[in-house]
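The next part holds the structures, each set out as structure tokens.
After this come two complexes, each holding chain A, first together with chain B and then together with chain C.
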Partner chain A sequence: MISKLINRKIFTLLKVQYSNMLEYRVEIALWAISGIIPFFMLNIWTNNNLNESINISDVMLSRYFLCAFFVRQFSVVWVVFSFEEDSLMGKVSPYLIQPINPFFRYFAQHLAEQITRFPFALIIIFFFFIFNPESIWIPNSGILLLSIISTFLSFLIQFLIQSIVACLCFWTEKASSIERLLFIPTLFLSGLLAPVVSFPTYVKSWIYLTPFPYLIDFPANLLSGNETNISGGLSMQILWIFLLFPLFKKIWAEGTKKYTAMGT
Partner chain B sequence: MNLRKYLKVYKKFLHTSLASELEYKTNILVDLITAILSLIGSIFLLSIFFQNNGYIGGWKFEQALIIQGIYTILNGITNTWFNPNLTEIVKHIREGTLDFVLLKPIDSQFFISLKKINPSGFLEIMLGFFLLSFCIRINQINLSLSFLTLSFITISCSICILYSLWFFISTTTIWFVKTWNAIEVLRSFLYIGRFPLNSFSFSLRVFFSIIIPIAFITTIPSEVFLGLSQLWKILLEVIVATVFLMTSRKFWLFALKSYSSASS
Partner chain C sequence: MVQNIIEVKNLSKSFDISSKKPGLKGTIKHFFRRQTKSLKVIKDISFEIKEGEIVGFLGANGAGKTTILKMLCGLIYPSEGYILVSGYLPFRRKENFLKNITLIMGQKQQLIWDLPPIESFYLNASIYDLDKFEAKKRIKKLSEMLEIDEELFIPVRKLSLGQRMKSELLAALIHEPNILFLDEPTLGLDINAQRNLRKFLLKYNKETNATICLTSHYMKDITSLCKRVICVQEGAISYDGKLDLLLKKLSPVKEILIVCRSEEDAIKLENSGFTIKNKIKNEITIKIENNSITSSLKNILNNYDIEDLFINEPPIDEIIGKLLIKKDYDF
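== the complex of A and B ==
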């Protein structure tokens, strides 16, 4: 009974957000384009033969960066910015009265955006294959399923981290600058710009203990068929979710107690 | 044009926006840490590229650092002036308050491109200059008068080109209202300004010098620093900058003709 109710709520939220997102198709298409930095990086790597030193062939490296692009497309999170705006405009108050945590609304928003984004990402990948026909490959269904799961887990980790930062809005009002700060290590350490294998050893020795390589490097390696520890990666992703979720619940409970309504 | 009047007005702009921004002091500190981390991150990425190679696109590591320095300065300028003002333009157009700007006895482009200022960008500019002076030392560059004039000219031209690119997108707000994502696309393209142009493949090089002249923005000033630049390149940059500035002005005046306010 209860689960049925929750299901219906989430389904309705998703439907509303999806029709909402479809209105912004052009914006989402542009947003998909703005994620092409991995392709520029690939260009530097292969054009200067940098990959020879890390023992990855041109084809495998181009698949890696393609997958990094793909994983990034489906793990982009912007909940801090939405929540900050809503909280500054006083929109959070009505959400708090509703019998569902407002973060479900943002969650549905993100999922709906991903569904809208999917065709655009496919178009970009299609163009990538036209320019690099030698890198076409079809991952087997087991790997495909596992990489979809790990991409979703990566999205969950980032969503949880950002939700925790978003809850800081209850205290500081400008939480987005903290998010911009956190984005820097995510950008450089997640494997979006360079595969983690290529990092110097003094970084590799500790990086696997942080959540960063599991955000993009691990799912991308999995999907592209590069060498990676599948069970280790997945369990680290799940471990981080189990660590972050209670933290989010705690900060949410503390924050809502602090909450003072703003706006009109 | 009455220069003294504009200077006086600009002083007022500075005063009011500094006063409002300095209310968020911790925010400025967080932004400074972000800028420092982002610079460390890009140097880390460069060091990965150079760990087994002496040259990337014909540039040594010490020389590539100059590009990073110039990029940091330009990025600081973007964060100080272009980005906060663009936010304002979007707001003006969405809420219809552009009417008030147009009614003022002052040039509208001057008003909307310089009204706001974000002081945390200053720190980034200083960081860039710091890195540049370090590069001057390690590359043993002689500070002659002609070198200083040439680098001043080229960097000013880069600022003009960058400003025009941002202002073009801001202007399109008049038709499209939401331009955040177009800015994201520009930002991701600008990202390649952190690397020497020669490290990219031929087709990308052509794209980034003819269609979006990002190549001019950082590579040519860096070549001036190294004394490698030919005169025709500097002249070309001056011409490109002039054309861009003039077109952005024309484009703004043209766009204003289709401005049809917003109901309040």
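== the complex of A and C ==
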């Protein structure tokens, strides 16, 4: 019964946010295009034959960066910026006195944006295959399903990390500046610029203890068919969610006590 | 016996405020050593509100009215003291408590800007666990009460302020709350929209016996809706009681313009011992204390040849304005 009600709330939130996101379809198309960093990186890697140093073929590398692009499209999170603005402008106040955590709204916004983004991402992938026909492949249904799950888990990890940072708005008004600090390891250690396998062994062993390689590298390797530890990767993703969720709940509970409802 | 729905005892709220001196020197100093001080904005206040009451909170800007409302609805955490609203501690924000209340803050909106209000209404309905049939029924009822129809299907960004405010109200009331916290609900609305909103609130209160706590700088809102007012001055309550009584206390005299048939009568009246405000030919304005108004008028009508007389009520804005300026009013 409870889960039915929650599902109804989430479903309605999702439906309304999707209608809202469709109003911004042009912006979303541009955001999708703006996420083509992996293609630039692919170009750098192949032009300099860097893939030879890590024993990955050109085709597998191009598939990796295509998958990195795809995973990034469905795991990009901006909740800290939305929450910071809403918090500073007092817009979050009416949501705080509704019987649903305001983060569900942001969560639904993200999911709705991903659904809106999907066709644009497909168009970009279509053009990628036109220019790189040798990279075309069809992953088997099991791998595809696991990749979708893994991408969603990656989104959840990023959403939780940013939500924790967003909650710091209750203490410091500019929590987004803390997010900027996180952006650097996310960029370098997630696999967006280079597959984590290309890092020195000693560094790699440390990187795999952080949540970053599970944001892009693991789901991208899984989807592209590169060799990867599937159960280990999925377990680490779930572990990080289990670690981050109670932390978010605690910071949220403490933070709301500090809320001063500025701007209202 | 009517139950207390809100109980507040020794409530205080302090905020940490950082201050910065002007100029480059001040900025550099502020960067390295931030000076903060704790400012007590609500000071040990206590009051009770009964179910179905409409209570107006009066006070100058920064007096603490909105902070009190924010604590009552659970938006901010009190520093000291005790609040019980509808049997709940508001700051715990329990689901059943949240389903019982609503907060409307002037032009702060919860409607989704790019979508028609109807979308936000259905969203709120599902958040408050209303099924689609019930939601439809309530939207119909409230939109009739608020006299909005086609506006429900126009994107919020294209609505006028008045239409938006009505839609805001509908979104905030779809779950039929028992307690309404209204912070400047008529802010920015034109006279007709203000009147309609007041009419609606009275109707809602009459039909549902909802308790309404209201702050407003428009005295018409207060006089039309509230029998009881709580005056807040620098975070403390300076008056809590009937509005009529407050007005009598703040304005103990009435001004009466008397038009005498002749200037001679006016001169006679001028010398009869009444407090005279001014005299122009045969028109004379006198001040009479509220408690002796009947006997004084009887005396005047019996002893002088009077053509006409007008009793002038001093403007309520002026009376309350005096209260807000003067800090040491003794009630």
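Convention: the second predicted complex is superposed on the first by the 263 of 264 C-alpha atoms of A that agree within 3 Å, B and C clash if a C-alpha of one lies under 4 Å from a C-alpha of the other, contacts with A are read in each partner's own complex, and residues count from 1 in each chain.
Operating definition for what follows: contacts are C-beta pairs under 8 Å (C-beta built on N, C-alpha and C of every residue); 3 or more make two chains touch, one makes a residue touch a chain.
Please read all numbers here as calculations on a predicted model, not as lab measurements.
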>> For A:Lys174 in the superposed arrangement: first (chain B), second (chain C), both or neither?
In response: first
>> Per the contact definition in the header, classify A:Phe199: touching chain B only (first), chain C only (second), both, or neither.
In response: first
> Where does A:Tyr208 make contact in the superposed view: on chain B (first), on chain C (second), on both, or on neither?
Replying inline: neither
> Once the shared chain is lined up, is A:Phe118 touching chain B (first), chain C (second), both, or neither of them?
Replying inline: neither
> Where does A:Phe40 make contact in the superposed view: on chain B (first), on chain C (second), on both, or on neither?
Replying inline: first
>> For A:Thr12, using the defined touch cut-off, is the partner it touches chain B, chain C, both, or neither? Pick first, second, both or neither.
In response: second
>> Looking at A:Trp31, would you say it contacts chain B, chain C, both, or neither? Reply first, second, both or neither.
In response: first
>> Looking at A:Tyr95 after the superposition, I want to know if it touches chain B, chain C, both of them or none. Which is it: first, second, both, neither?
In response: second
> Can you list the residues of chain A that touch chain B in one structure and chain C in the other?
Replying inline: 24
> Any idea which chain A residues touch chain C in the complex?
Replying inline: 5, 8-9, 11-13, 16, 19-20, 23-24, 90-91, 93-100, 256-261, 263-264
> Can you name the residues of chain B that touch chain A in the complex?
Replying inline: 24, 26-27, 30-31, 33-34, 37-38, 41-42, 44-45, 47-49, 51-53, 56-57, 178, 180-182, 184-185, 187-188, 191-192, 195, 199-201, 204
> In the complex formed with chain A, which residues of chain C make contact?
Replying inline: 15, 66, 70, 73-77, 91, 93, 95, 98-99, 101-103, 105, 108-110, 112, 114-115, 119-120, 122-124, 126-129, 172, 183
> Given the complex with chain B, which residues does chain A contribute to the contact?
Replying inline: 24, 26-28, 30-31, 33-37, 40, 43-44, 47-50, 52-53, 172, 174, 177-178, 180-181, 184-185, 187-188, 193-194, 198-200, 203
